[in-house]
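So, here's a batch of structures to check.
In the two complexes that follow, chain A is the common piece, with chain B as its partner first and chain C second.
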Partner chain A sequence: MSSTTTVTAPTGSGHQPGSVGGRLARKSVLARWRPWLLLAPALLVLAVLLLWPLIRMGMFSLQDYGLPEIVSGEANWIGLGNYTEALTSEQLRTVVLPNTVLFAIASVVCTVVFGTAVAVLLASLGRVWRVIVSSSIMAAWAMPAVTGTYVWVWIFDADRGVFNHVLQSLGLQDQPVNWFTDRWSFYAIVLLNIVHHGFPFVAVTVLAGLLGVPKELLEAAEIDGAGPWRRFFSVTVPQLRQVFAVVVILSTIWDFKVFAQVYLMPGGAGSNREVLNLGVWSYVESFGQNRYGFGSAIAVLLTVLLLLVTVVYVRTILKEEEL
Partner chain B sequence: MSAPTTSAARASTRPAAASRRPARRALRPGQVGKGLAVAGLLFFTLFPAYWMLVSALDAKAGASTSFVPADFTLDNFRFVLTDGGFATFLRNSLLVALATVLVSSFLALLASVAVARFRFRLRTQVLLLVLVVQMVPLEALVIPLFVQVRDLGLLGQLSGLIVVYVALALPFGIWMLRGFVAAVPVELEEAAYLDGASWGRMFRSILLPLVAPGLVATSIFSFITAWNEFVFALTLLGGEEQNYTVAIGLRSFFGQHSNDWGSIMAASTIITVPVMVFFILVQRRLAGGLTAGAVKG
Partner chain C sequence: MRRQMFGRTKTAVATGALLALGLAACSSGGSDGGDDGGEGGTLDVWIMQGTNPSGEKFFDEVGKAFKEETGATLNVEFVEWGDAHDRFVTSIAGGTTPDVAETGTTWTPEFADAGALAPLDDYVSEAGLDGDLVEGLAEAGTYDGALYGMPWYAGVRSFVYNTEMFDKAGIEPPTTWAEIESAAKALKKEFPDKIAVAVPGDAEFTVYPWVWGAGGEVATLDGDTWTSQLDSPESQAGLEFWTGLAADGYSSAGATTWRETDVLDSFAQGDVGMAVMGSWTPGAIVEANADMEGKFAAVPIPGQDGGIAPSVLGGSHLSMFNTADDKDLAFEFIEMMTTGEFASKWGEQSGYFPGQKSLLEEATSSTDPLVAPFAQQFVEGGASVPVSPNFGAVQAKLTTSTMMQSILSGDQDVATASKAAAEEMTSLLNGGS
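Moving on, here comes the complex of A and B:
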């Protein structure tokens, strides 16, 4: 990480821009308002298209908001009814929450462990192989979520997919299996998709950190008799604490929000109620059932969940230094 | 942004290469294990893309399974681009993505100069706001934005989609560009002022050229965001098939009973290739910017 932190080095030049701003401020009123003039267009867009919609989502969640309300624009307040329905529903407890939270935990663990292993492997390779392997990792990273998901669906297709074909020619199964109907195999495929798409970020970030660990520390540990595993967990990992914090939290935020990867799978768009997660449930209730109020309440729950993670994230950054 | 990473990489390969040479003779099993790991990793990362390409180039995709095209053909691509209507989807996506890039990069540049170059009241709060809005799930925003775009009468139109994408690309653009702006030495600005330049002149002649590489990286990121986006295209474009973008245009190849996998994979290849090319162009800078923005603030 130290290799990248030196790049922007805002701390070093941090007070200097201030002095420029300060000098300008004395010059004219225009200069004093310049930062706000520069910010105004962006803040306006964010306020109208991100903040106001968030507030409206909260308002919808307290209403019985369906198609008639959308057309007429009239409010139909029902208090916390949507929340009680969502929080007490069997669907949330047995299906949606496990599919969201347990899946996020599983995919964060898999992505970070696998990504770190790849980073360690990359760090031990010679230059030529490192370029080859990291280019192929980039290819996995660049695969758009939509096309990537379709490719995985095609690979695991029940009738003509290559996975069933290989299993059958190896004699491991007698007839094709539909992997998308069972909840566990469905999410195993989603997990594969997410790890495939998500580990490159972890690998590249951790690799940058690994290369910044002082060689002297590792050599000293080796002289003290520490084996490779011991050196990795007692020297390297503590050095990379900050990197791991960022990687874990960002992955958590991304993996809670998994949508297209579930929605585009067979049965994922609501026809198989067993595989709904929070995001898809909210979408299906809103745009499938026209229950926009109920969908908004679910969306609020998801947002609150993510906000909690975000607070941890922001505090991790703030602990490091001022923004 | 890329220079320190490469120099760090270079510095570390040298001792690694030196220490590996004697180890090669002693640690055969280790080398074999590493070779197997690399082979497995290459297979895992490349197989989906490879399989997509093979199926796209195979006239018999779906009819039989073979790991090289059994019946090599470009017909899938030809069908997708002509009768499949994918040429229209490509034009729509290109239009939406370019408009998003132009507007969001311009707004992000102005805002990032403000937060990177000036100290003013509420600056930290503005930055926190930018950081926090990035975390909001799109599925949560899609309901109110659907109502909002509907109220504006822009449902089913590309302009409605562009407006939303600008907002989605903006926070990350600001967050990334401020690192690039902060990296420009303040001394250069001061020298321009000493030469009698106004702030506007300094911005055009000093800051803009020096931030240009960062601007390119950020623009490509916004392009990819708009190009790949799925939920909003699905919701806001509704039944207007002539306005579909590539991400949802793909769905038209899914049949009621059987899917035309050759066409789906050909269309997927067409969508994926520009993203991969762009990604390889900016990956170093992007990775550096992401971590610098995330850790360093």
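Moving on, here comes the complex of A and C:
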């Protein structure tokens, strides 16, 4: 705030208006610049904290940048070498990308569907129960990712986990099974973890939207003979299009970037190459080995991928709005 | 209070500009409160957290003695092992490295290669310590013919077993691989629900003894070129034996993804008959479960047909960074820590062996049943992983753990998995990716 006043002050005192026309011109200049002046502090902070690191990342991604370069401070340009290496890597094509993309799709779908179901439940509950249920789901949301991950790891632990114990007491398996060594069961556990951690946000956001749907519309539909499913999908869902857009975009971005929930699982830190995803792969391949240029290139690729996904979503939503 | 003070120091180091202020406010152990660091200046030191359970008290004492001797204030900051590598790298990048730091033995060549460390040979000669440094550790701290890491302490892994289970099964501690197998068989028969021998998948240092014990090598250097020997017939025989114990059902399915900490947890619960564990673990076992006191013992890791299978000497150096203003002062601290009274005290408190030969001889004459076998392993069966600035890359890529997990989970046989691991290790050691 204080910086805004100091910036505007010289402009005002420097040009004393002599005529009406001058005053008008000054006013319009001031009017044109005022929003920018007011935005300046925030933009400055964003530029320092976000833009500059982004530019640096782009610069690193074009270099073979390791510990010696960090110490000497010298640049070591190699053009698009890092990008070529990343994009032609067989591991990226056969393991990393499928794991990342398919997992993101699966978890976004599951999170949004389950979250919406919980929101509908919440909307139909009375006041007391709504408070009880929403505070319990908030607990799941508030749990740090690391803590949550360890809880799931304990549940599925091969020797002492509850899951194997139950299966064995029911006679469904003879020997303990290590669920973390198989690609599919590994990601099934990650999916549980992510959905458990992610659905409260969806539920709360969709609930806010649900409560805003006009009652008259639903009543009119009921009078016209629409059943509950029909009412939900033909009346409620179209009303909530924007809410779903926000929820889906944010979930997609989060689920593409999953790191801790994979890295902390047994074998997830790189010793089980079958379960690497983009986040862990870039960490292990580049930062574990001080190849910061290569790591930056992967980060740039991930950013571009997410921007594309976001642009497609936003465009679709806007187009439907125009219709 | 202390925690808060260290937290403040961290921020100060990170912001750089506040460095002097932070040091003045947080000098630990200084008798005068360290208003201006005193006439002798301040020495900034990073020490890894968790090695010595009473590390803070130890450094309060060191700080006092250091102040008396040099007039300088000692500023110790404790760093978590897990964060340490990243913090070193960022501080090297930002020029905010400490004057002296504890560096893990496999990191020293890496930081020396990056040009961040100062060579110590002249100081060592001047102090008359030539020939008094434990060889395996000095070798690990030598890069390009110069010593960059002053041997401080090291531990070694041996074969730890549960004496109660052994007594019930009526067996003696094994001295050959055949005896390990028959012991595992007897334990499994007596305790079908327990783990006879823990074969962890994510613990590389428990794997190399079997490679060496069968006459294999991890990697060899010829001229400038490293070649991994993990797929040699000898190495494969060692891997075949060790993973074979799991295939025969003497380990557990869960152990496929275990780290050494998981082995420790299960052993402390009394669920494991035999395991490869470090000389620093006996204290931790009793701390985790007081009932285990007196119920376990150790022997050196048996070689294939008797003798001792070599095991990695893992430990720490004290390294001086190039950014140190007063290098003589820095070495005075290094000497104080790595020789004499404080070095042996550190060893006693932490369960590690000192890096000074004359002190080590003292420690190895111990008759303590939980020290003597480790000491024997240390002296007669100590080995080093390949001394290359790129071995950190091999560790970061978990090459050996990847091989172990794919064998233990049944995805690949020993021949296929060891061949893939050897190719990857060779490429990484030679600077490839």
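Keep this in mind: the second predicted complex is superposed on the first by the 260 of 323 C-alpha atoms of A that agree within 3 Å, B and C clash if a C-alpha of one lies under 4 Å from a C-alpha of the other, contacts with A are read in each partner's own complex, and residues count from 1 in each chain.
By our rule, a contact is a pair of C-beta atoms (placed from the backbone, for glycine too) under 8 Å apart; a residue touches a chain by one contact, two chains touch by 3 or more.
Please read these numbers as outputs of a predicted model, since none were measured by experiment.
*Asks:* Should A:S271 be classified as contacting the first partner (chain B), the second (chain C), both, or neither?
*Replies:* second
*Asks:* Does chain B (first) or chain C (second) touch A:A221, or do both, or does neither?
*Replies:* A:A221 sits against neither chain B nor chain C.
*Asks:* Counting only touches as set out at the top, which of chain B and chain C does A:A106 meet: first, second, both, neither?
*Replies:* Once the two structures are laid over each other on A, A:A106 reaches no partner at all.
*Asks:* Touching A:V237 in the superposition: chain B (first), chain C (second), both, neither?
*Replies:* Neither: A:V237 stays clear of chain B and chain C.
*Asks:* Who does A:I70 touch here: chain B (first), chain C (second), both, or neither?
*Replies:* both
*Asks:* Quick check for you: in the superposed arrangement, does A:D157 touch first (chain B), second (chain C), both or neither?
*Replies:* both
*Asks:* In the overlay, work out which of chain B or chain C sits against more residues of chain A.
*Replies:* On the superposition, B touches more of the residues of chain A.
*Asks:* Per the contact definition in the header, classify A:Q175: touching chain B only (first), chain C only (second), both, or neither.
*Replies:* The second partner, chain C, only.
*Asks:* Once the structures are superposed on A, label A:F60 by its partner contacts, choosing first (chain B), second (chain C), both or neither.
*Replies:* So A:F60 only meets chain B here.
*Asks:* Of the residues on chain A, which ones does chain B touch that chain C also touches?
*Replies:* Common to the two interfaces on chain A: residues 70, 157, 160, 287.
*Asks:* Residues of chain B touching chain A in their complex?
*Replies:* Touch list, chain B to chain A: 1, 3-5, 8-9, 11-13, 15-17, 20, 34, 37-38, 41-42, 44-46, 48-49, 51-52, 55, 62-63, 65, 107-108, 110-111, 113-120, 123-124, 126-133, 135-148, 150-151, 163-164, 166-167, 170-171, 174, 179, 182-183, 185-186, 189-190, 199, 224, 227-228, 230-231, 235, 247, 250, 259, 261, 264-265, 268, 271-272, 275-276, 278-280, 283, 287-288, 290-292, 294-297.
*Asks:* Residue numbers of chain A touching chain C in their complex, please.
*Replies:* It comes out as residues 67-68, 70-72, 85, 157-160, 175-178, 180-182, 266-267, 269-273, 284-285, 287-291, 294.
*Asks:* Write out the stretch or stretches of chain A touching chain B in their complex.
*Replies:* Result: residues 1, 3-10, 13, 16-18, 20-22, 24, 31, 34-36, 38-39, 41-43, 45-46, 48-54, 56-57, 60, 70, 73, 118, 121, 123-127, 129-130, 132-133, 135-148, 150-152, 154-155, 157, 160, 162, 165, 196, 200-201, 204-205, 208, 211-212, 215, 242-243, 246, 250, 253, 256-257, 259-260, 264, 279-280, 282-283, 286-287, 292, 295-296, 299-300, 302-303, 306-307, 309-310, 313-314, 317, 320-323 of chain A touch chain B.
*Asks:* Over in the complex, which chain C residues touch chain A? Could you list them?
*Replies:* Per the stated touch rule, the residues are 86, 89, 92-93, 110-111, 113-116, 195, 201-202, 252-254, 256-258, 266, 271, 392-393, 396-398, 401-402, 404-405, 409, 411, 428, 433.
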